[in-house]
Amino acid sequence: MHNEHSDTHFQLRIDNGEHIEAKDYMPENYRKHLIRQMSQHAHSEVIGMQPEGNWITRAPSLRAKQILLAKIQDEGGHGLYLYSAVETLGVSRSELIEQLQSGKAKYSSIFNYPALNWADIGAIGWLVDGAAIVNQVSLQRTSYGPYSRGMVRICKEESFHQRQGYEIMAKMMAGTKDQQAMAQDAMNRWWWPSLMMFGPHDTNSPHSSDAVKWKIKRETNDELRQKFIDKTIPQAELIGLVVPDKNIKLDDNTGHYTISEINWDEFNRVISGHGPCNKQRIDHHIKYHNEGEWVREAAIAFKKKHTKKELETV
Amino acid sequence: MNIQEATHTYTLRLGDNALILGHRLSELCSKGPILEEDLALTNISLDMIGRAQALLKYAADTEMLGKTEDDLAYRRPENHYYNNLIIEQPNGDFAHTIARQLFVSVFEFLFYTELEKSKDTTLAAIASKTIKEIKYHMQHAADWTLRLGDGTAESHKRMQKAVNDLWMYTGEFFEMDNLDTFLLHQHIAVDASSLKLEWNKYIKTALNDATLNVPEDSFMQTGSKKGIHTENLGHILSEMQYLQRAYPDAKW
Amino acid sequence: MSTDTQFDLWEVFIQSKSGLPYMHAGSVHASDNKMALQNARDIYTRRGEGTSIWVMPSKYIVASNPDDNDMLFDPANDKAYRHPTFYTMPEGAKNI
C-alpha cells in the first residue's frame, strides 16, 4: 500500500496535474510557501488600494470616478478572496493583518511608489495591473485548489482594469500638451518598477525552484517578465509614449524585446523598506484598522446580546 | 418661472445631493472598519454617483445650454450647488457616517417613492431605479445603527453623539420654497413637508430599537436651496474640481 | 496572537439564475446573519452574478477526510449498471 502522507506521493499527485485541497496531505514547506505567497498577494491587493485611492476625490469626470472607485473596490474584494484562501490553511485574517502591520509579511513593492498625477492612474491600470495579470493568468493553474479558484475569479474581474488604464493613457496622449506630458511622466516613473514586480532573475530567486516543482508557480519570473515586455512595448508605441530605456531592441530571431538591466539596487532598497511610501502605506493601514476597532467590538457585543438560540444548537 | 427652468433647478438640487454624498462616501475607500464594510460603503457611493450622473444629465438637458453632466458637476461655483447641508458634513467617525446615511436614506426612500409618481417621466424613471438602491442603503444604515447603538458603551455614546450632532441639519429635508410649490402644483415635485411625520416615525423606531434617544427639535440649519452652505462644501469642491479647473481645455 | 477579531467566517453560495443549483462562491467575515448576507451581496454579486444567496457559518460545514477517499468514493466506480449506457437496446428501438 502506498503512503498517502508521503512527500513522494504528494509530488506524484502534483505531477499528475491534480489540485491539492485544504485537508489533503502536503509537505510543511509547501504549506509555508503557499501561506507566504498568498498572504503577500492578498496584502498587495489591499495596500494597492491606497495609491489609486489617492485620486478618487480628484477624478476629473463622473465616469472616471465611477471606474476608479469600482476598480479599487475590486482590489479590496480580491484581497478578501485571497485572505479566505489563506484561511483554508488555518491562518486567521487577524494573524495575517498582524503580520502585515508588523512588517513580517511583505506586499508588492510597487505600491510603495506614489501616485502623483492623474496619468498615474492610467499607468497603474495599464502597467501595474498589466504586469499583475500576466502573473495571475499563470496562477489560475496553480496547484492549490482554493488559490486557483480565487485566481480564476480574480482574473475574470480584473479584465477591465488594464483596459481602463490604457484608455486613460491613450486619451491623455491624444489630449493637450499638458496631458501628454503627464502621461509621459507617469510612464517614466512606472515602467521600471512594473518590470521589477516580477521579482529577481530566476538565477537569484530563492523560492523559485520549489515553487515551480510544486506547480505553485507555473512560469518563472523571467518568463513572465518577458511576456509583459513583449506585449507592452508595442502598446506604448501605438499611442506615442516613449519607453524610458534607450537600449530597447526587438530581436528578429526570437521575436522578443531585449532591455537594459533592471536597477536591482533600487529593487532591494524598496523591498527592504526604503521606498518613497513604505511607511505611509503601513501607517495608513494601522490607523484605519485601529479606528475600526470600536466598530468591530460593537458588532460583536451586539451579536452576543442577540444571539438566536436555534443557530447555536445546530 | 417656467416649468422647464424650474425643473432644471429642481433636478440640480437632487443631483447635487447624490453627487456630494457619493463624493463623501468615496473618501472612505480603504478606510472601512473591516474589509467587507469597505466594499459595502463603496457600493453605496457608486449608487449615488450613478444617480448623480443621471440627474445632472437631465438637469443639463433641461437647461438647454449644451452642457454635459460633467460641466455641471465640475464647473459651477460653490454657491450654485444646492445639496442639503447634512450631505456635505464630514464623514467623522463611523457613527457619524452611519447616522448621516440613516437620516438621508430614510428621507430619500420616502421622497423617491413619491417622485416615482411625478408627471415628469424622466424624474419618475430615475426615481423608480433609484428607489431599489435606497432601500438597501436604508437597511444597511438601520442595521448598523442597531449594532452601534446597542453594542458597547463606547459605540452607544458615539452613535448618540452622531445623532445629536447631525439632528440640526434634518429640518432642511422638509422645506418647500416657491419653486417646489410651483412644481408641486404641476404634479412634478414632491410635497417634502408632508413626509416629515413618516420620517420622524421611522427614525424614532430605528433609534429606539437601538436604545438611542431621539433629540429634541431645536433650531434647524438652513440655506442650501439658496446656495448657502457650511464651510465644508468649498473644500470638497476644491478637490473635486481640481483637474477640470487647472486644465480647462483638457478632455478626460 | 492578536486579540483583534475580524468576525466569524461564513461560506457564501450563490444561485446565478433561478432554477440552477447554488454554487459555492467564496467566504466573507461577518458578526451576524444579516451582515453576512449583506456582505455576501456586496462582495459576490457586484456584476449581477446572483438571483439568490445562501450564507452559513463555516464552522458548521463538515468535510470528508481525504484519507477516507478510497472507502468513500472508489466503491462507486464499478457500478456501471447505474448508468444508462450499461444497457443494450434492441436495434431500432426509439424514444428510450
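Every chain is named by a letter (A, B and C) in the order it is written, and numbering of its residues begins at 1.
Criterion: a contact is a pair of C-beta atoms (placed from the backbone, for glycine too) under 8 Å apart; a residue touches a chain by one contact, two chains touch by 3 or more.
This one's a predicted model, so the numbers in the text were calculated from it and none came from an experiment.
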item: Chain contact graph, described as a line, ring, star, complete graph or other shape; value: complete
item: Comparison of A-C and A-B (more C-beta pairs in contact); value: A-B
item: Inter-centroid spacing, chain C versus chain B (mean Cα positions, whole Å); value: 40
item: Computed distance of Cα centres, chain B from chain A, in Å; value: 35
item: Chain A-chain C separation of Cα centroids, rounded to whole Å; value: 28
item: Where chain B touches two or more other chains at once, by residue number; value: 34-37, 39, 43, 147
item: Residues of chain A touching at least two other chains; value: 70, 73, 77, 80, 293, 296, 299, 302, 306
item: For chain C, residues contacting two or more additional chains; value: 6-7, 28-29, 31-32, 35, 43, 46
item: Chain B-touching residues of chain A, taken from the complex the two chains share; value: 46, 49-50, 53, 56-66, 69-70, 72-73, 76-77, 79-80, 83, 118, 171, 175-176, 178-179, 284, 288, 291-299, 301-302, 305-306
item: Touching residues on chain C, where the partner in the complex is chain B; value: 6-7, 28-32, 34-35, 38-39, 42-43, 46
item: Chain A contact footprint on chain B (complex, rising order); value: 19, 23, 26-27, 29-39, 42-43, 45-46, 49-50, 52-53, 56, 69-70, 73-74, 93-94, 146-148, 150-152, 154-155, 158, 236, 239-240, 242-244, 247, 249-252
item: Touch list for chain A against partner chain C, complex; value: 4, 21, 23-25, 70, 73-74, 77, 80-81, 84, 87, 92-95, 97-98, 150, 153, 157, 289, 293, 296, 299-300, 302-303, 306, 308, 311, 314
item: Touching residues (chain side chain B, partner chain C) in the complex; value: 34-37, 39-40, 43, 139-140, 143, 147
